[in-house]
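Going in written order, the chains are labelled A, B, C, D, E and F, and every chain counts its residues from 1.
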Amino acid sequence: MHRRIAHPVEVTLFSITVRDHVMVAHSFSGEVFGPAQRLHGATFVVDARFKRVELDQDNIVVDIGLATQELRAVLADLNYRNLDEVPEFAGINTSTEFLAKHIADRLADRVRAGALGVGAHGLSGIEVSLHESHVAWASYERDL
Amino acid sequence: MHRRIAHPVEVTLFSITVRDHVMVAHSFSGEVFGPAQRLHGATFVVDARFKRVELDQDNIVVDIGLATQELRAVLADLNYRNLDEVPEFAGINTSTEFLAKHIADRLADRVRAGALGVGAHGLSGIEVSLHESHVAWASYERDL
Amino acid sequence: MHRRIAHPVEVTLFSITVRDHVMVAHSFSGEVFGPAQRLHGATFVVDARFKRVELDQDNIVVDIGLATQELRAVLADLNYRNLDEVPEFAGINTSTEFLAKHIADRLADRVRAGALGVGAHGLSGIEVSLHESHVAWASYERDL
Amino acid sequence: MHRRIAHPVEVTLFSITVRDHVMVAHSFSGEVFGPAQRLHGATFVVDARFKRVELDQDNIVVDIGLATQELRAVLADLNYRNLDEVPEFAGINTSTEFLAKHIADRLADRVRAGALGVGAHGLSGIEVSLHESHVAWASYERDL
Amino acid sequence: MHRRIAHPVEVTLFSITVRDHVMVAHSFSGEVFGPAQRLHGATFVVDARFKRVELDQDNIVVDIGLATQELRAVLADLNYRNLDEVPEFAGINTSTEFLAKHIADRLADRVRAGALGVGAHGLSGIEVSLHESHVAWASYERDL
Amino acid sequence: MHRRIAHPVEVTLFSITVRDHVMVAHSFSGEVFGPAQRLHGATFVVDARFKRVELDQDNIVVDIGLATQELRAVLADLNYRNLDEVPEFAGINTSTEFLAKHIADRLADRVRAGALGVGAHGLSGIEVSLHESHVAWASYERDL
């Protein structure tokens, strides 16, 4: 049995999203992955969505130039790499959903470090989506 | 007057989405449908999104191979059919939004029956979107 | 530290979305905008999403014909204009996120005025997304 | 054995393309069609491409407003119909590729009749593409 | 100086295209490739376009079911592989454009072997496009 | 009367395409443009396609890094500008199709000047497409 609420939680919410991509090799461990246990690769088209409840004094969610630059910087640490050889990911299945969280968390670090500008401290959340093909994608959303 | 909350509910949430399509004929009953009261058809490009709060022990939301297979199985019951002649839909307007719910509910049945694997019991929700054209789509989301 | 809830709020929710576009000129005020302080322009591909908790008696969220027509009417007030010269926007940065709110609010006005039909009074919310390019978009969601 | 030319034919060529869609029911005759022999349906997202060698005196290929209007008019004759019951198509498999030709030919009729403006007499060709899903489309190109 | 022809070559041409994808790892040799000299990976969304001058007796270009099946079979030989370790590609830069030709040539082999049906012998050409990201793709076209 | 050839010209042809975008303001002169005679704007998503008959010694059409960089450089001259005030375009309708030619010609200049590398001298043609919305785009193709 499911409890149903009459109306969803009322919210007013702004967001902006910027898109970039990253090209990596990796392999997975576990029978569930079938042929993807072999070393293979993927292009991930990455959408980083920044949310906030009210716009800042410039009437924006966040400086889209800085958002684009910082997403690119986060992806640069992964781009053109074999993730199986990245020490930080040793023993980890770098699934699309895991990478969505990894990228969202690194973006959150940068927001907190001020890299997206002072106004970015008013952001309420980040959602990162990774498109691995035209028929499959994953996402992770978190608070800030 | 609307009550506004200062911050949206804090969540941490993963999802994966798989895409397939189905081609059906149908007609609608009711003046609101205008020329769509005539027998016509649609391609629905169907996105099935599976959500969960924490990843499973393989570091994934759900086995994407099984998710793809079960979505295809659910759509196979509708594909290349005239929905006006499907007994289950007798007297029902098989609108895009209704079909989104129908497909989500059938996927939920399969999750509960174990067809998406044992790990899928950790899923928290399903969202199904049906794109009926490049300028219109519908969605339905529900808990699991 | 973030408070984490074990499961997101349980909801059952339908939506339909219609897409149109608008082509405008404008300029921005503020150093954060860099070269976009110059008069330039944008095509905004606009997605208007209408939400409700239960379908109406015709088994739909809203009359998609009326939704399309009213979105077009709202956009017609902006289309082929220099927003810097629209009195309503004097002194305002007509950012993508601001315009998403503007369009959502105008659609909400039309819902309340009955322009989307009597059934539209059952709508629970509107979300408007504006795609300004293949790599950037903004959205605003609000209750009804 | 194939004759290979060292360089493709040199051309200078302009085009504009407009997109619309149509929703139809139909069935196919012939074992090659498998389950598509049953009455089913499709949304066809239709791209009509108009080509010419030199731009007209307004610096355009064709009036995009008229092109959009005439494509819509051609599609209106098919929209929300069961093509099996259209006398013109009696005994014909209304395949995606056949419909691409049908639409291109009707557009060519309208160009010749002057419906796309006087300048449209300088058009050199039409290409029509019909997207039947996210994974399949067909096209037909012809001279004018 | 370029020779310009008054009108492009007159053609009447049908095509159908089917889409699938493949996920591979590889590395490149040559300074021009920069960081892509490292082992990395890609998702290639693959469009296989089949062309012919007149439709067959079923009013189609080719059996779309067989086209889809044979494209999948060709891609299966590459899918979830490290192309650096495929003997056929030893010492070869498996660039996107090279892979487009490889896939087109394998499809041509299958057409000639009858795998796409007897009617497929009337095909005049194949074009294969590989999308490596949302901002880059390659294609190769050849006769049959 | 049109001459029809039994088979299209036989070709073997490679291409790569890179995508970027530009945001401009402009107005048009001429009744055919209707409300677009007013100052308005557009985002143009720009696809630059480079063609050649045989791959170079690195097994590529052109250095995709240089192609991306030079497309960006060409667009930088237009980006965030009011084209009505660009001296080069004085008295010219900067239609989507005209801009496609302008960008293609500037890219051709850069190819000839060696900016895309020595290998780029083997390119046979360029095609530039500008998407002005989700329902309209234009293209121009030329030899090199």
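Remarks
The definition used in the following text is that a residue touches a chain if its C-beta (ideal position, glycine included) is under 8 Å from a C-beta of that chain, and two chains touch if they have at least 3 such contacts.
Just so you know, these numbers come straight off a predicted model, no measurement behind them.
Note on connectivity: the fewest chain-to-chain touch steps from chain A to chain F number 2. Set against the C-alpha centre of chain D, every other chain centre is closer than that of A. Distance between Cα centroids is largest for the pairing of chain F with B. Between chain A and chain B the centroid-to-centroid distance comes to 24 Å (mean Cα coordinates, whole Å).
Centroids of chain B and chain E (each the mean of its C-alpha atoms) stand 32 Å apart. Contact of a single residue of chain E with at least two other chains is seen at positions 2, 9-13, 19, 134-135, 143.
Taken together, the chain E residues at the contact with chain D in this complex read 2-20, 55, 58-61, 63-65, 68, 117, 119, 143.
Of all residues in chain E, only 19, 21, 23-26, 35-36, 38-45, 79-82, 132-135 touch chain A in the complex they form.
Chain contact summary for the complex, chain F toward chain D: residues 2, 9-13, 30, 32-34, 51, 53, 92-98, 100-101, 124-125, 134-143.
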